[in-house]
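To start, the structure itself, in structure tokens.
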Amino acid sequence: MRPSNRASNEMRAVSFERHVNKHAEGSCLVKFGDTHVLCTASLEERVPNWMRNSGKGWVTAEYGMLPRSTGERMRREAASGKQGGRTMEIQRLIGRSLRAVVDLKALGEMQITIDCDVIQADGGTRTASITGAWVALYDCLGFMETRQMVLRNKVLKDHVAAISCGIYQGTPVLDLDYAEDSNAETDANFVMTGKGGIVEIQGTAEGDPFSEEQFSTLMSLAKGGIHDLIELQKKVIAA
Amino acid sequence: MRPSNRASNEMRAVSFERHVNKHAEGSCLVKFGDTHVLCTASLEERVPNWMRNSGKGWVTAEYGMLPRSTGERMRREAASGKQGGRTMEIQRLIGRSLRAVVDLKALGEMQITIDCDVIQADGGTRTASITGAWVALYDCLGFMETRQMVLRNKVLKDHVAAISCGIYQGTPVLDLDYAEDSNAETDANFVMTGKGGIVEIQGTAEGDPFSEEQFSTLMSLAKGGIHDLIELQKKVIAA
Amino acid sequence: MRPSNRASNEMRAVSFERHVNKHAEGSCLVKFGDTHVLCTASLEERVPNWMRNSGKGWVTAEYGMLPRSTGERMRREAASGKQGGRTMEIQRLIGRSLRAVVDLKALGEMQITIDCDVIQADGGTRTASITGAWVALYDCLGFMETRQMVLRNKVLKDHVAAISCGIYQGTPVLDLDYAEDSNAETDANFVMTGKGGIVEIQGTAEGDPFSEEQFSTLMSLAKGGIHDLIELQKKVIAA
Amino acid sequence: MRPSNRASNEMRAVSFERHVNKHAEGSCLVKFGDTHVLCTASLEERVPNWMRNSGKGWVTAEYGMLPRSTGERMRREAASGKQGGRTMEIQRLIGRSLRAVVDLKALGEMQITIDCDVIQADGGTRTASITGAWVALYDCLGFMETRQMVLRNKVLKDHVAAISCGIYQGTPVLDLDYAEDSNAETDANFVMTGKGGIVEIQGTAEGDPFSEEQFSTLMSLAKGGIHDLIELQKKVIAA
Amino acid sequence: MRPSNRASNEMRAVSFERHVNKHAEGSCLVKFGDTHVLCTASLEERVPNWMRNSGKGWVTAEYGMLPRSTGERMRREAASGKQGGRTMEIQRLIGRSLRAVVDLKALGEMQITIDCDVIQADGGTRTASITGAWVALYDCLGFMETRQMVLRNKVLKDHVAAISCGIYQGTPVLDLDYAEDSNAETDANFVMTGKGGIVEIQGTAEGDPFSEEQFSTLMSLAKGGIHDLIELQKKVIAA
Amino acid sequence: MRPSNRASNEMRAVSFERHVNKHAEGSCLVKFGDTHVLCTASLEERVPNWMRNSGKGWVTAEYGMLPRSTGERMRREAASGKQGGRTMEIQRLIGRSLRAVVDLKALGEMQITIDCDVIQADGGTRTASITGAWVALYDCLGFMETRQMVLRNKVLKDHVAAISCGIYQGTPVLDLDYAEDSNAETDANFVMTGKGGIVEIQGTAEGDPFSEEQFSTLMSLAKGGIHDLIELQKKVIAA
């Protein structure tokens, strides 16, 4: 029995709210249950120095948690003077995941920065971030297309979404919330595209090592979850 | 004529949404027009080292802006490795303003940290922060009263709220939005209590110096605005 | 009765010593009683990046306290790796105050940095800094005029000076020293020009809120004090 | 054809040199071909603050690269003032991998820090680090057993080793060197125990997404490689 | 011919002004010509953590330059977020030099911090700092003796002073000013005690290497200079 | 009697191993007994900004210690966020020492960075670093000569080597190891060239001041030691 009474292959209620920020070229408030992440896409007409004159653009991400997004207040990273290892790990993952479905050449020498700020956390903030970031990126590219800067379909090759799975009290479950995540024996994150390709897999044994069979089960759960997430993305961008 | 077509003594639509964060002991999403600030109050049962064994508690504040809360994306302070001067100035102001209406002795050796995070900015983020922070603090003290930790009425001596005024194209106006703020000749922030006492005054000539008469007019506007803000606070906590 | 036996509207002995630094284009050691601040003006023939090609110059300030300028030794900010919030607040204030009387266009694309370093502190370091900085700036512009770089009268539109006032044991007093400042109920800083225009007002209730009437009294005290300070500035530059 | 002419399932020459540091309680210079990592285990009889009085110990890791371990000199992290995201990601991975085979309770309130410093890099530094770190940890626990501080067999529950795999020019290959790593379409790291349990899986599409089948092939390669690495570990500790 | 027309063994005019800071337990403004350093001694009744319960005290120093103490304005170290290598080198040298004449046991578990802040620089700031710091330390110990905390004669075993020498246009000269220092072929600093013992020697070839004979000449010059400095110290503390 | 039973003028076994790094343009693992330092020379075809268009090149050094190079594990400087004062002092010394024998003009606008990383420390790391760095630099210039970038003999004017001496239990001894260094009354480092010129002298009284005679003895010891080191350098580059 999961703390939330969900079935083992049941995701939390997922929603996307677009256009939540009047300044950003694209924005999306994504909710995976009580995990709420505000994703904004910011367009700049310049690329990092190391990419200059490459003819290619760049998509990158930053991630942050509001100090009281969590059960206990965390120290503000701006106050402690640096981003922690977990923050950097996550923002690198979000950036890689998005770039896997972007044609940087078709983007041209421009940079899109996706900020994923966790307003409230209840497990799965990185997977919600990736999934919502795609929507913000989609809208940013729409903004650009309207201004004849790019063709969105050329730049954005596919959907991308992410979900966590884990083994909780011996049972493989989909989309861990905090109560599960903090007690799971194994924790895995999957990032996949609309065509079913795998972009990123991360599996970690929190307690005892896991077996290949267990991992296979987690991947099956993830495939189902990501399929549903991408259907939701399609619905929300069609709205 | 103001860019927003408001009358010179007309505030933007102001709203408070309480209980917006499932973790915080008190929380409030305050909106002054398109300026949206999320205020959370976090209770810790310990005080800063320099206050230990003083028998008194502490109320402090931190302030931050999401990178794309503004028209152009700002660099994330956590990434740049420090909080800027403006951030520190504002969070010190919020803390002082709240402490002006708190009896730290009645609070006892506990610390309440109010985080004011700007989700979207359109001028007046510091005044919205103070005004919303009071609501979050009120709810945090209610949480504590329920647990017999304090008597809220003993700790919280009065309301406190803040508003900006300025001279825009020669006319004194109330509650500047960004379009006005960035062009005002004079910019002033007022923090006052429910009983009409002044907690903080900050007036700055952005262009030419201003006169004592002009400043008087701004203060009159501010008194009216703060009176209304406090009425709104009363209504929202009565809800 | 004030700890220093001064009358309520009596400033401390104020003096300015010019040309105290052989390297700086302008310099002034200003004393407000036991508060001693060394102000140096440094000319650079370039402006910050964000001002390039604007045709305008920039005047900025930095502020620091020697570790033992205070009663208890403070940690050196260079050693702690950052400037504190109070430092940044003060140096921003000094810069704004000076720019209020400078025509940046007439200055041309050059930058003047005023360093205000507190050699010994006894309250009122920010007001002494502003008042002395003006003298250093005056001499720097004189240095430039001699070299046909600017016309001093075109660049420097007016005098500027600053003074603190406060309510100490119920009585409004002018120019607080440390003994008063650390016990004042209300503390206010005023920055005004030679023509009587107000550049900056900052009033803070340290204990109970103050009334508009009290604030008016403080402003009257300040006007008198600043008038005297500007007379002293005139005398010293005429010397 | 691989640049090194290895077969697709062929690892580079792997060697372990123990007792390479006269100060450390355990040490090992591990080589995966031209990738050379110096691993030292340092024992401290105290744990991090957050673990005090838990009755449990802690095993952690730090990772660094000498500035010229790489083809182009990298900036020294000590000089740039912070550890980059990649460094933090890797050291967190090494620490987690080791803790997966350690009984922290049996260790008691002591901390072992494994420093993995890359002397020369040619791809696969994180997998070499984990594999060599296990040997350093083994020797550190031997040092402790000799002094009756622990029973090594109780603390160290199993071997752990790691290997990278990837898809290089369409072919799944084992143990990528730099020439392959920088051009691989897919890059995956596997951490497994002596009993065949999986501790960590990380797979990343550098170019196009990969399929579940491809990932299965990589895992098979990894299982073979890790089996061989653990046989080598057994041989070297028996020596 | 030296730029200052001094004889090769002629120091600049040296002066010490005591009691220049109303807060510090000891203070001295030392001038070596146009090099002016403010030295303050601050007493704390606690020692660094690593010395606790050792029964011994500690004497340490910090060094800083005001931004415009130099010909071109330097960046403020507090603003750049760290002390540079030169600063650290010098403050370590000052501390070592003072400790060479202090009996830390006789001091007891107290710490004296000498801050040496360069108000104006014209070469030789480190030697002026050491020489003036000794006077500030002397007065701090006098302050303590008055309060029966220590016996000054037991704590302070001897005088200590420092001077620079160098080879300027082929000629060994004493007490280099900036014009010489920046062009010297060899630059050396000597720290010696009242009894003629050597505490520290630092000699550096700025251009071609120097010979043992040249170094001997520099040391002779230094001995003469330090003898004179110590006579001056004796005179000033007798005043 | 020295802890190592060496005669007072006897160095530890010294060895140089060249070409120890496949990436660096020059490299050398230098051992002074149990002190092992890896020196790599990295060539960049650009100079620091302040040297641009000077027609001259630059040789600089960086120094680091692996965390467990020492008896007790030291905190990693990259983790603590800055290089300590000792590190900066040493790397500045290494750079100055090398530049004393380099003709920067003959090098042309190129920069060579020598990284000296202490793999294992047992006293004398700075002198071993300088001595080994010369070999790495020699090989880097050889690499450049092969590519017709410079004439090695024009750039490298002489050998340079360094040794420590000290007074240990009253006796002047050569090449202190850690056991001696941590207990020496006086500690001195000498850097000299092949022609016998002195590049740098640093002598420090750790306990009582030392006399000119004692210092002379140390210098004699150093001259002998450096002569031998340079013979060894000659042998190793001839190999």
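Labels A, B, C, D, E and F are assigned to the chains in the order they are written; within every chain, residues are numbered from 1.
The rule is short, and it goes like this: a contact is a pair of C-beta atoms (placed from the backbone, for glycine too) under 8 Å apart; a residue touches a chain by one contact, two chains touch by 3 or more.
The UniProt protein names, listed by chain, are A, B, C, D, E, F = Ribonuclease PH.
On a predicted model such as this, the values are computed, not experimentally measured, just so you know.
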{"item": "Selected from A-B, B-C or C-E, interface repeating E-F by over half of its contact pairs", "value": "B-C"}
{"item": "Superposing rotation of chain D relative to chain E, computed on C-alpha atoms, to nearest 5°", "value": "120"}
{"item": "Numbering shared by both copies at the chain E-chain C contact, with half separating same from different", "value": "same"}
{"item": "Mean-CA-position distance for chain D and chain B (Å)", "value": "50"}
{"item": "Computed distance of Cα centres, chain E from chain A, in Å", "value": "59"}
{"item": "Rounded Å distance, chain D centre to chain F centre (Cα mean)", "value": "33"}
{"item": "Chain C residues counted as touching two or more neighbouring chains", "value": "81-83"}
{"item": "Chain order, ring traversed from chain A with chain D following", "value": "A, D, F, E, C, B"}
{"item": "Chain A-touching residues of chain B, taken from the complex the two chains share", "value": "21-24, 27, 34, 38, 40, 42, 44, 62, 64, 66-71, 73, 76-79, 81-83, 87, 113, 115, 117, 119-120, 122"}
{"item": "Touch list for chain A against partner chain D, complex", "value": "82, 84-86, 88-89, 91-92, 96, 100, 188, 192-193, 195-205, 208-212, 215, 219"}
